[in-house]
Structures are given as structure tokens and as C-alpha cells.
Amino acid sequence: MQNKDVSVSVVDELSDYETFRRVYHRHRSGEPFPSGDALLETVNLIRAILFPGYFGNSSIDMNTIRYHVGVNVERLGSILRDQVFSSFCFDSDDVPLEDLRKKSSEVVDVFISKLPQMRQTLITDVEAAYYGDPAAKSFAEIILCYPAIKAISNHRIAHELLLLGVPLIPRMISEMAHSETGIDIHPGAAIGNYFTIDHGTGVVVGETAIIGNHVKIYQGVTLGAKSFELDEFGNPVKNVLRHPIIEDNVIIYSNASILGRITIGEGAVIGGNLWVTSDVEKGAKVIQSKVEK
Amino acid sequence: MQNKDVSVSVVDELSDYETFRRVYHRHRSGEPFPSGDALLETVNLIRAILFPGYFGNSSIDMNTIRYHVGVNVERLGSILRDQVFSSFCFDSDDVPLEDLRKKSSEVVDVFISKLPQMRQTLITDVEAAYYGDPAAKSFAEIILCYPAIKAISNHRIAHELLLLGVPLIPRMISEMAHSETGIDIHPGAAIGNYFTIDHGTGVVVGETAIIGNHVKIYQGVTLGAKSFELDEFGNPVKNVLRHPIIEDNVIIYSNASILGRITIGEGAVIGGNLWVTSDVEKGAKVIQSKVEK
Amino acid sequence: MQNKDVSVSVVDELSDYETFRRVYHRHRSGEPFPSGDALLETVNLIRAILFPGYFGNSSIDMNTIRYHVGVNVERLGSILRDQVFSSFCFDSDDVPLEDLRKKSSEVVDVFISKLPQMRQTLITDVEAAYYGDPAAKSFAEIILCYPAIKAISNHRIAHELLLLGVPLIPRMISEMAHSETGIDIHPGAAIGNYFTIDHGTGVVVGETAIIGNHVKIYQGVTLGAKSFELDEFGNPVKNVLRHPIIEDNVIIYSNASILGRITIGEGAVIGGNLWVTSDVEKGAKVIQSKVEK
Amino acid sequence: MQNKDVSVSVVDELSDYETFRRVYHRHRSGEPFPSGDALLETVNLIRAILFPGYFGNSSIDMNTIRYHVGVNVERLGSILRDQVFSSFCFDSDDVPLEDLRKKSSEVVDVFISKLPQMRQTLITDVEAAYYGDPAAKSFAEIILCYPAIKAISNHRIAHELLLLGVPLIPRMISEMAHSETGIDIHPGAAIGNYFTIDHGTGVVVGETAIIGNHVKIYQGVTLGAKSFELDEFGNPVKNVLRHPIIEDNVIIYSNASILGRITIGEGAVIGGNLWVTSDVEKGAKVIQSKVEK
Amino acid sequence: MQNKDVSVSVVDELSDYETFRRVYHRHRSGEPFPSGDALLETVNLIRAILFPGYFGNSSIDMNTIRYHVGVNVERLGSILRDQVFSSFCFDSDDVPLEDLRKKSSEVVDVFISKLPQMRQTLITDVEAAYYGDPAAKSFAEIILCYPAIKAISNHRIAHELLLLGVPLIPRMISEMAHSETGIDIHPGAAIGNYFTIDHGTGVVVGETAIIGNHVKIYQGVTLGAKSFELDEFGNPVKNVLRHPIIEDNVIIYSNASILGRITIGEGAVIGGNLWVTSDVEKGAKVIQSKVEK
Amino acid sequence: MQNKDVSVSVVDELSDYETFRRVYHRHRSGEPFPSGDALLETVNLIRAILFPGYFGNSSIDMNTIRYHVGVNVERLGSILRDQVFSSFCFDSDDVPLEDLRKKSSEVVDVFISKLPQMRQTLITDVEAAYYGDPAAKSFAEIILCYPAIKAISNHRIAHELLLLGVPLIPRMISEMAHSETGIDIHPGAAIGNYFTIDHGTGVVVGETAIIGNHVKIYQGVTLGAKSFELDEFGNPVKNVLRHPIIEDNVIIYSNASILGRITIGEGAVIGGNLWVTSDVEKGAKVIQSKVEK
């Protein structure tokens, strides 16, 4: 019943290089983009490794944990090497493939060696969530359910890979958490220990933001840029420090927007729904103007 | 190509009890945590039971509906009993397993006996969504697509399980809806009939909130706590009534924050982007301060 | 162990027509509702067709692209015809089934013939995202990761189907993007070229909104209705023009709410967290009132 | 790395109608062949319906069996109607599609109405297997494991469909059993009650064979044709009665070949490895010639 | 389009206890039959454990093998305990469930403790296949492809479980191999080391057969019963020794049938297509009578 | 409940290199064995390419066939290159990996270039099956159902790969057919056009067999070796010509065994159940000795 004449000409038009030339990326010899499914498995493996007993095959005991961790670390290495290799192929047109393979292996080995430290940091985040939320009933509830832990664990993975020079993948991992939790943390952001986010939907943390220890933010908070420079061609200048610095022990309530390379001083409290574009002193309490009834 | 020496020592370190002792939960004899996949199937079965013809095998007629409902109710009972048992094992170290099995069966039987009432309540929510949205074309569109119905149906399931004393699972079911819709309703919240949420992303409803009948809220609305008490050790005191009471026929517009154990009186209207921390009288209209141009 | 007497009577009650009569939809002879899974595959096929090499079997070259596009277009036609047919069955009780089948084929043929134009428009959206975000590293990053592109591509598909008179499906496709990205664009909204949304969580664009070319909006922005008329029975009047018109080159910062059938003039800039309910002149800059510290 | 020139020309050659013209079958408007996967589900549904508690959701009780049977019968009807329709499309070039749809529904309704009788017959086969094998421990072992029951149940399904005039599908169902069990029964064969096959690998029962009640055959037995007529063009003449008639209470031992339209009389016993091409009298014992040592 | 009246009455009839009473098995409180899928995973896990590097995650090295074996043994234990428990429930109506659970655990622990010995025996079978087949190119070819190894490994698993008193499961595992390879070895048969079967289709080895070391048999060989006793009710007497004893170093060529409790003496050779029903002396060569041309 | 002490020591023993040293194969740097699943997909792709419209997406027409063939040929190349590379890694310890990759690509390109010829040959086999079986109703029935076509198509694929020097894979593909059909053809056998096998279970065709054109064999036929030489160490001498030569137009009836490097002359007919170990003249009819009654 299909009108074949139409669809054959549509196929011709859609296959015409000129119609997608502007967004075409020439892959190297059959190497595809990193795969969303593989990165999802990567993240799930890391969660299973870092929080033994909570994810994956969950009836683990002291006799068998080493078997599970060992198998998971090996599988993580195998999958992540392939994905990192794909991302290097995307970004490096002139480097021989064997060099990229070697580099991928080295990068993944370094990444894996950082997992123990990553676990220690994430445990501080779990503790911060537990002690900061009267509704939290147990660590288990936080590790299994809290979107903050999902978003922060993806961020710590993505940030580590970004520091190792891996292209594309960090952003893909951040967006997976963004889609799942509504929390959008750019992998470039540098975040201290004991970080927690309550509820979280709508949170935005920009690429050059710096966050200290023991910081807590609520849903809808933006740590964004006030504006950005354009170069002589009207394009945005990349790599400018344009997001805020949040010092230790700061609390930022829901839907507040902190914009520009400003500093929120240690222990400050920012009220909800505010729009802050200049520095805030240590220990200050910034609150909203009164509402009319 | 992997540097085996590195990865073996990483496995050793990651398997060392001391490195995850702080978040370790000792499971009872091989009983795992409740499973996200099983709870997703649970929720899908309940949707199929409550809205026959909309979900699952959708070509249902009056002759065969009893077969489908019967099979779905039996499967629901079977899956939910296992999950509730897992959650009791998590929470009850000293109770004999057979007692927990019996208790799980009883709890699930009570839960299932409440499904007819749950359907009646959810039908009022569908009607509220339909009559409150000029863009809504049919009940079918609302049942199949509207995030409000997904979030509210998960909430009504989670709330019922919470009342029955089931640990962990209510929060897991709430977070599934939060992830899917951006609407974060704590399972503890008590919500009346004809409840609707428009668009919904960013909505937060806290643990001790009480919502009357015929209430409508828009995206980004927070029904939250203003602050919370700490005990002598600096930990938050649990189970304090700290979220608002919203009486019948209230409308709250987008991004408003209603904070603390305050009461929004019957028929009140709260404007968008507001920050409300004290009681609002019946029938009052609270609107935003003027903006400068 | 289940209490069978309870559950049999529950099945009887849940199968009783009277208990779901209010939301029951009588299907035509065994034709089910459109399927979420099939629509997800539809959207994925369209993404693979429009951005060759980025989705699906990603190692494509100039020799083989026609094979992949051809197979994907054929499969798209086959799946979409069935889904459109289901949606027409839902909406058209009296039309002979064969007529609905024929109409479905025609609609899908027209839809497919518009794919080349849709690609050209989406390429402008990719360019707008790239040139508007200093954090963007490549077109590939935008096409693969950015929620804006996911939401806008679903919207352009849904809008086209809506214009062709297809019921239910456009809204289902929009809600898929809403769930994935937190961006809620009603399929009725008319949106120009070079449209971009930064971060995006919490964005709402209403059914009768009109958006020009080169418009950029940030997370949490609402283009909503101020209120809506009720008819003599207290039901909302459908199809009233009640959402804003955003002219070319407008920027709207995070969490601003633009409400009602007002016009934001060409080149205007709306600050974050604002609540705008009346027209804004061309080129105007609207900013927030000062905050108290 | 692929030699593209070669493979493009291979694709051209393989797509050239002339190269597959001899085996090409022109489908009617997009109707594919019956699907092996759908027929496998068909057979599994029938097994679950006929032997409640053994296959599918196996914890069935008297309260819920009707739900399970109801859902399974409905699903069986739905799948089988589509498959029978495909098979009629294959075979009937000139009949309007709607007529074929109607005919498919009628055929499937008749088929379903014969399931109760089919169950009674298969129960006799289970009993024959149990009472004929000292190694059999229980009816359950026979229903769950014995290849004879798999092969005979597929045969009884296929034979019923053949009698109803359904093309292609009966043979597909027979071959599924052949592949699984090594027992090759042509769907045309007419087989009485209490039929059993021990071990079964290598058994062949031809298209026009007739088997009475209480017949038992062992592995490797052939009930075949001695030769077949050719027509004036050298092609075999179809539909000639060319396979044996096996009367009641016959036993045929392993690897015996019974060839041609001969009759093995009631109660006869045929020894193993024999080659029998003429009638055998009632009650006769046919045994092998002595072997040399 | 379905004739509902017919199908409702068919469902009623098919749900009527009287129509399946003869084959009905009353399950204990919701415990289903052992599952074919779970037993397939069981066998695959055992193959992966016994032949490391050949099955499952096949890139294993000396550093990581312990992780893989550990995870596989734990998973094997977990799955097999559930299956053995199901089989005991099937067979033991009066024993308390907790006793059956404990017994299942004990049986599986013993079974697992025998895996090292099972590996040593299977390695002898691999060697026998390699040294007995001029077409064999490597041990790997034999372990990965040869049906003999599939059938014999399933047999050695099934036989061990049978010795441990596990009902139903041994036969199910044997039939899985029978279906895959055409080789039908009853789990009761006792088989020595260095056993091999060439090609194998059609081989039958009966319940009480005893096979020595270094025995080789070809396709189509039957080690069967000549006849079996009936008891006073006409039912076969179970547990009678009725299959042959094959001593060490015997070779039996294709399609030979060795029937009854006879002994084939050490080193004897039985020619193809023979029918042997009495003892054969050590070292004898039994060959076929001449054929007429 | 598991006895952990036992199972830890079992894991240790099963991980001890000495216990599997005799069958251990040292893989090259992480390259696993060819995968059964990948080879199954390979065979299915080839069937879909060779018989367009019968397998895979079966509603194909003259406009779209090139798209389907193109996508399938590309995917075939991609999968098969990886599998061939794995098999070369298995067999070639000293060759640089890049050389093996290049060789794999070349081999697969040659293999693909032979597909058109393979289609022509297989069409002759389909015709032979159709014209040789009075029960065959259509070419479609033969292509979709007949085990002969499955076994012969796998054989022609496996034989071609064997000729190209690919290790392991040809045997794996042959065994897949053996398992599915009970027909065991060694990939080394050389087989002419218009070859058919009726029923097929139990057929064995040895490594060095040669079969002419228009040959037909029945179930249970063996073309085997009479004996094989041992070398000075007692191992079988490989690569000896030890299987029969079957000339054109020969028919061999069921369960006949043709053994040794003998020649069955053109047009000869071999009766069922025979054991033939010496040459048969052209046109001869060899039949069984009479049976006693």
C-alpha cells in the first residue's frame, strides 16, 4: 500500500551527502561512536564495585566478595577500554590506531586504580545525604534510591575520565544522570567531599564551577554563567572561568540561581528562588524580598 | 594489554572490608535487597489491573477481562510477596524467616484488597486532570501520557505500602516516578481525591505534607520544610511534622515554594515563583511582587 | 499461603464494569492503543535516518549509507503505519477499517516525504546549540548528548504528526521526551529554526505558543497560560490561544515564566526567575528586582 | 578495511532478480511468511493450556486455573489467527484479503474448539508412555521430558490444522518437533490413541501412514514409501497412498523399516533392524535373521 | 471477530478439573516444577567451571580465573539449590519445607564438591575423542563442537544428581542433551573413563547399562532392553537389571543393537547394523552376514 | 545456608592450573574463541541474503531488496571478520595481530564474493528436494522447513570457509546444523549440485567423502570410514582418504552404511539397512537379504 515512488526518492534525498554534510563526522575505519548501552553497563559495574551488596548480584559475603569484585573489575576494564578507544578515534584523526589502543589501556588502568579513592569520597556523600535529611531512614535507602547519589556518582566517574583526557564519554555519562535524575552537573565541575543535593530536579552545575566540602544544595539550584564572551567571529570563547566558587559548608536553597565567577563564602546560606550575581561573604544569610499578599 | 599487577591489587583493596565497612549492610542468609526490576513490574501490573484496556495486553473485552485481571492479580501477589519479604529481611534481624514470610503474605493480601478503592481514587485524579487542562483531548490521553497520573499512581501505591509498615519499597517506588516524571512525592505525604499536577517537572512534596481534595499544583512547586531540628549529636530529628497542610480547592502556580508546617486555607490561590513560609487564609490570592522593566 | 477467598472476590470486584465505567474506552474490534515501545522505535529510527552515522549501526560510509537509510525508511513506514492506524481506530468509531488503513498509509507517506526538510531544520538547531554554549566541544557531543536536541527532535516529529491530524501519538512522543529530558513541549507549539534550550529541565512550552527563529531559552522557563476560560458547565474551553508569542532572537533566562497570549518582541532578553504576564517590547531587557542581603 | 568495490558489486549481483527468480515467491501486499517464533509460542501456549500446571506459570490452583486458561486461549487465538492469515495469503493469490481474514478467524475458532478433545487424546499418549517404559518414574517426568510427548503433541496440533486446510504451518510445526526430538512425523499421518515412541531419534512416519490405537514404536523406525511414481514429466505424483497401515496393538522395534502401502496386522511384532515391504499378518512376530559371530 | 461464545465455553471445559484429573499433579504451596531454563543455565555454568576459557567469558588468565570460577560456583550453588528444592517438593508431600530446603543445600554442597573429580573424568573423555578420530584437529574443537562431549558431560552431571537422590532433574538434563545431540543416555547408566561416541545421532544407552573404561561407540548404537516383565496388573516392573554390560576397550560400530542383560567382553568389537542379544566373549569380533548384490 | 568452607576449597581446587593443564589453551592477548551466537547470526544472515523474502524481514520487494541485501552483506562482513580473526588467533601463535586482521578481511572478502555462486548451487538443492519428494508442496515449504536445506546450506558455507583455511569455524557451523537436523556432514566433504537428503536424522558424511551431482540419500545413511591407521605412537593418522566416493545420480536408502574409500558407481541404488564396504558398479542395485518371518 506504500507509495513506493515517493519513498524511493526520499531515500535518495536522505542519502545525499549534501543534505547532511554540515553535521557529518567522518569515522576512522569502521570505529563507531561510544555506545550508550556500554556506558550504562560501565556505570552499573562501577556502582556494583563501589557499593558491594547493593547492586548486581546482591547476596554477597566476605568469602565471595573478592570473586565478584574481581569479575566486575575485569569486565569494567574490558568494556571501558573499548569505549575509550572509540572516543579517542573520534577525536584523533592522525594518530595510529595501535597507539590509541595502547593509550586507552593506560587511561583505563589509571581510572581503575582510582576506584578505591572514589569509594571513600562517595561514602562521604552518602553520609552527608543521611545526616542532612530527616526523611532518610537508612544508608541503604540513600544508596538504592536517592537521585543525589546517582547523579554524584556519575559525576565523579565523568570528572575522573575528563581529567584523564577522554573525549565525549564524560558528557555522555553526565547526561545519563541528568536524564535519570533531572540533575545536570557538567563533568568539568570540581566538587569536594560530603556533597549532597536534596530532591535535585532542575539542579544545574556549570563546567567551571568549584564546590568545597560539606556543601548542600536543593532542587532547582543553578550554579551558572552570567554571560559569556564572543570571539571576533561571534562564537563563544571556550574555556573561560565563568561559573561560581562555592566554599565549604554552604547551603543553597531551592531554585536559587548563582551566576558568574563569583564566590559564595564559607558557611554562607542562600535562600530559595534568589538570583545572585555577586560575591557573598563568609557566613552571610541571603534571603528573599518579602512577598505581597 | 591490561596491567594485571595494578588491577589485582585494586581488586584486593576494593574487597577489603575496612574500605566499605561504613556503608556495609549485612544481609540475612542470602536474602537480597528488593529489586528495581521486580518493583517496576509490580507497578506496571497494578496499572494494568486498575486501568483495564490501557496497559498490558490492551485488547480486552467484557468476556475476557476477568481472565486478565485474575492472572495479573495472582502475578502481582506472587512478585510483591517476594519483594516485601526482602524488605522485611532488610529491616528485621531477629525475627524468624518463616514469620517474615507469613507477615509478607498478610501485608500483600491487605494491599491487594485495597486495589478497588485505589482505582476509584485514581479515577478522580484522571477527571481532575481532564477538567483542569484545556489541552487535554481525552481520558485516554491522560491515562496513557500524563506524568501526573504516573506520579500520583506510584504515590498512592507507595503510600499504601508505607501505611502497611513495608520498609524501603515505598521510597523505591516513589523514586521510580521521580526519575520518570521529575515529580518527587515522598510516600509519607497524605493526599486527597481529585489531585492533579500540571506538567510537573520539579514538583517536591515532603514526607509530612497533607493535601486535601481538589488541589491543583503546577510544575516546580515545592511543599517543603523550612528547617529541621538537630538532636544533641547534630543529627536531624526524624518524624517531625515539618511540611505544609494544603486544604481543599487550593491552586498553587509554578515554582512556588510553600515551606514549613503552615496551612494554606481552603480555596486559596498561590502565584508562581513565590516563597511562602507562613499561613495563608482561606480564599486568599497571593501574588508576586511587581517586576522592574 | 495467599488468602484465596480475598483475592477471588477482589478479582470479581476489579472485573466489574461499573467500577471502571467512567474511564473505559471501547476499542474497535481488537485494535489496541498505540504502543509506547513501537513509538520509541519510531523515534530512534527517525534519529538514525536524519543523523546518519550517529545512531543505530554507526559505522556508515558513502557506499553503504543508501542501504541503511533504505532499510530504516522502510521499517519506519511499516511501524508508523500500524501505530497511526491504531490511533485512528481510537478516534474514529464509524469509519470503515479499510478506510482508516488507507488514510494511515497516506498520512505516513506524507510524513516520510517531510523527513528531508526536518533534517535541514534540526541541523539549524544543532548549530544553535553549538554556537550558544561555550561548554560544547563538537557537533557530535550535541547530537549524541544534548537533551535539547532530543526534546526538539521529538517535538518536530510530534508537531508534524499533529498537523497531519494524527490523534494521541503526538502527545505520547512529546511525553517520551519530557520524561527523558524534563523538557515539556506541547506538540501544538509552532517553533522556528535555530531553536535551542540550555540544560532544559523544567522547561514548559504550551499548546498554542509560537516561537520565532534564533530563540534561546534556559532551564525552568515556562511559556504558559495565565488562566483559562470555563464554559457554561465549568469545563475549560479547548483551543483558545492562550500561550505567548516569542519573536526572533529572544533570550529567556532560567526559571522565568512568560504567561498568557502576550508577545515578547524581537531581540528582547528576559532575566531569570521572572514572572512576565504582559507584552515586552522589541529589544527590551527585563531583569529581576534587587535582592536583599 | 573491507574491499568496498567487491562488496558493492556483490550486493548488485545478489539483488538481481534473475539470480533468484527460480525460487522467488511474490508475497501479497506486505504479508510475510508465517513466523517460526510465533509458531513456537503457539505450541507452547497449547502445551500450557492442555497440561495445566506443567508449563508456563506453573503454580496453578483450582481457583485461578480459569484465569490462566482464559488468558492463554485468548492469546493463542490472537497469534494463531495472524499466522493462519499469513499462510492463506501465501497460498491464495486471488481471494480478497478480508475474506482470508474471516476464513482465518473461522479456522482458528474451530481449532480451539477441538482443544478439549486433543487433551483427552494426549492423556492417552502419556499413559501409554508411562505403562510402556520401566524407566518412567511419574506422569510428570513424561509430560516434562519425554521427546515422544513433544513430538506427538506437535503432530496432533499440526494434523488438526492440516485437516482444516491450513497451508505451510502444519509442516513448520512438525519440523520444530523433528529438530527438537529427531522424530519426523508428517502432519498428514493419521494416528490413534495410546500412541507411544520410545527414545525416538530417527523415527520417520510418512504422509499417508495410518496408525491404530495402542501402537508402540522404537527409535529409528521408518514407516516410509517403497518408491513413488513419476508423471510424464518425471516429477513425483503427489497424494498417492504410499505409506503403511499399522493396526492396533502393534509393536515395532528399533531401526525397523516398514515400506510401502502394506498392512501390519493387529497385534503384530516387528523385530529391530528389519526391512519389511509386504503385509504382515495379525499377531505375527517378524524377527531378524541370525548373525554370524 | 472471534466467536466469543465458543471460546468462553472452551475455556470452561478446559478449566474443568475432571478433564485433566488423570494427569494432574498437586503442587505444594506454590512450588513449581524445576525449570528448563534454570537447568540450562546450570549446565552452562558447570561447563564454564570445568573447562575454563572455553565457555562463558572466554578471555581468562591465571590471575583472574579464581574470580570467574568463584562467581560461577556461587551462582551454580544458588540456582541449583532452588531447582533441587523444587524437585524435592514434587516428590515429598509430607516432609516440612524447611527440611527440604536444608536437604537441598546439603545435596548441592556434595554435588559441588564432586566437580573437581568430574573435570578429571571429562578430560579423559576429551582425550578419548581426540585420539579416536582422525578428523579431530585439536582439543578445542572437541570441547567446543563435539556432540559426544555435550552428551557425556550432561550425563555425568545427571548421573551424579541421580546418585544423590534428586528426582526429575537428572532426566531433564539428559533430555536436554538428547534434544541437542540425538544421543539418549539414561541418567542411571554407569559409565567409565575415556568414553567416546562418534557422530552420535541415534545412540541409546539404557537405565541399567554398565560401561567400562576406554569404550567407543558409533552413531545409532542401542544398549537397550530385550523385553521387560509386567507385574500382576500388566504394568512394567521397575528397577530390573535389563541393559547390557560393556567391558573395557570395547568398540561398537554404527546402528548395532545390544539388547538385554548380556555382557560384551573386554576388547570385543561389534560390527555395524547388528542385533546382539546374547553374551559376546572377550576379544571377539562380531560382524554382519554378507549382503547379496 | 551454603557450607562455605567446602565451596571455597572447591573454588581453589578448580582454579588450580594443574587440574586443567591437559586441556588448557592459552589465548592470545584477550582474544576469545569464535562465538556460537555470532556464528548463528552469520548463518542466519547468509540465509537471508541467499533466499530473499524467506528469512529475516520477509516483506521484500524489487524496490527495496537492494537495501536489505546491502545492509545484510555489510553486517555479515563485520561479524564474520571478527570471528575469522578469533579463529586465526587461536591457530597462529607467532603471527602479528595486524597481519591476522588483514588476512581475516581478505578471507571474508573472498567468501562474500562467492555468495552469488553459492545461491545458484543451493537453488539446485531446493529443486532436487522438491522434485524428489511427493510430499513437498512448494519451494517455500522446502526453503522454510526442510532439514536437508538447513544442513546443506550450513555445509556449503562451512566447506567454503574450510577451503579458505579458516580453522575451527567450519566445524562449529557444521555442528550447529547437526544439532538442529541430526545430519552430520563434515565440512571437508566435497558435494556436487542437486544434492538432497530425505528426513535426514542420523545421516553421517565423513571428512574425505566425495559426492557427485544429483545424489539423493535417506535418513540414517553413513558415508564413513571402515577403519583408520594408527601411527607409531598409536594415534590416528590424520588426512588419509578414508571415506567413499559417490558418483552422479546415486540413491542410497535409509540406514545404509557405505564404509571406506570405495566408489559407488554412477546411477547405482543402495538398499536400506545395508553395510557396504567394497565398490559398487555403475547402475547396480544392491538390496538386502531376505528376512525370515
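Here the chain labels run A, B, C, D, E and F in written order, and each chain numbers its own residues starting at 1.
Following the convention adopted for this analysis, a contact is a pair of C-beta atoms (placed from the backbone, for glycine too) under 8 Å apart; a residue touches a chain by one contact, two chains touch by 3 or more.
In this text the structure is predicted, and so the values were computed from the model without any measurement.
Shared contact partners of subunit C and subunit E comprise A, B, D, F.
At the interface between subunit D and subunit E, under half of the residue numbers appear on both sides, which makes the contact a different-residue one.
The geometric centre of subunit A is 26 Å away from that of subunit B, both derived from CA atoms. One finds 51 Å separating the Cα centroids of subunit B and subunit E. Residue positions 1-2, 11, 30, 59, 66-67, 69-70, 74, 78, 182, 201-202, 220, 255, 273, 288-289 of subunit A each touch two or more of the other chains.
Across the interface of their complex, subunit D is touched by residues 49-54, 58-60, 62, 65-66, 69-70, 73-74, 77, 81, 101-102, 105, 108-109, 112-113, 115-116, 119-120, 123, 126-127, 131-135, 137-141, 143-147, 180-182, 199, 201-202, 219-220, 254-255, 271-273, 288-293 of subunit F.
Against subunit F, in their complex, subunit C makes its touches with residues 57, 59, 64, 66-71, 74-75, 78.
Chain contact summary for the complex, subunit A toward subunit C: residues 1-3, 6-7, 10-15, 17, 19-20, 22-25, 27, 30-33, 90, 167-168, 171-172, 174-175, 178-179, 182, 184, 186, 188, 201-204, 206-207, 220, 222, 224-225, 228, 234-240, 242, 255, 257, 259, 273-276, 280, 284, 286-289. Those residues of subunit A lying in contact with subunit F across their complex are 4, 8, 11, 30, 61, 63, 67, 78, 98.
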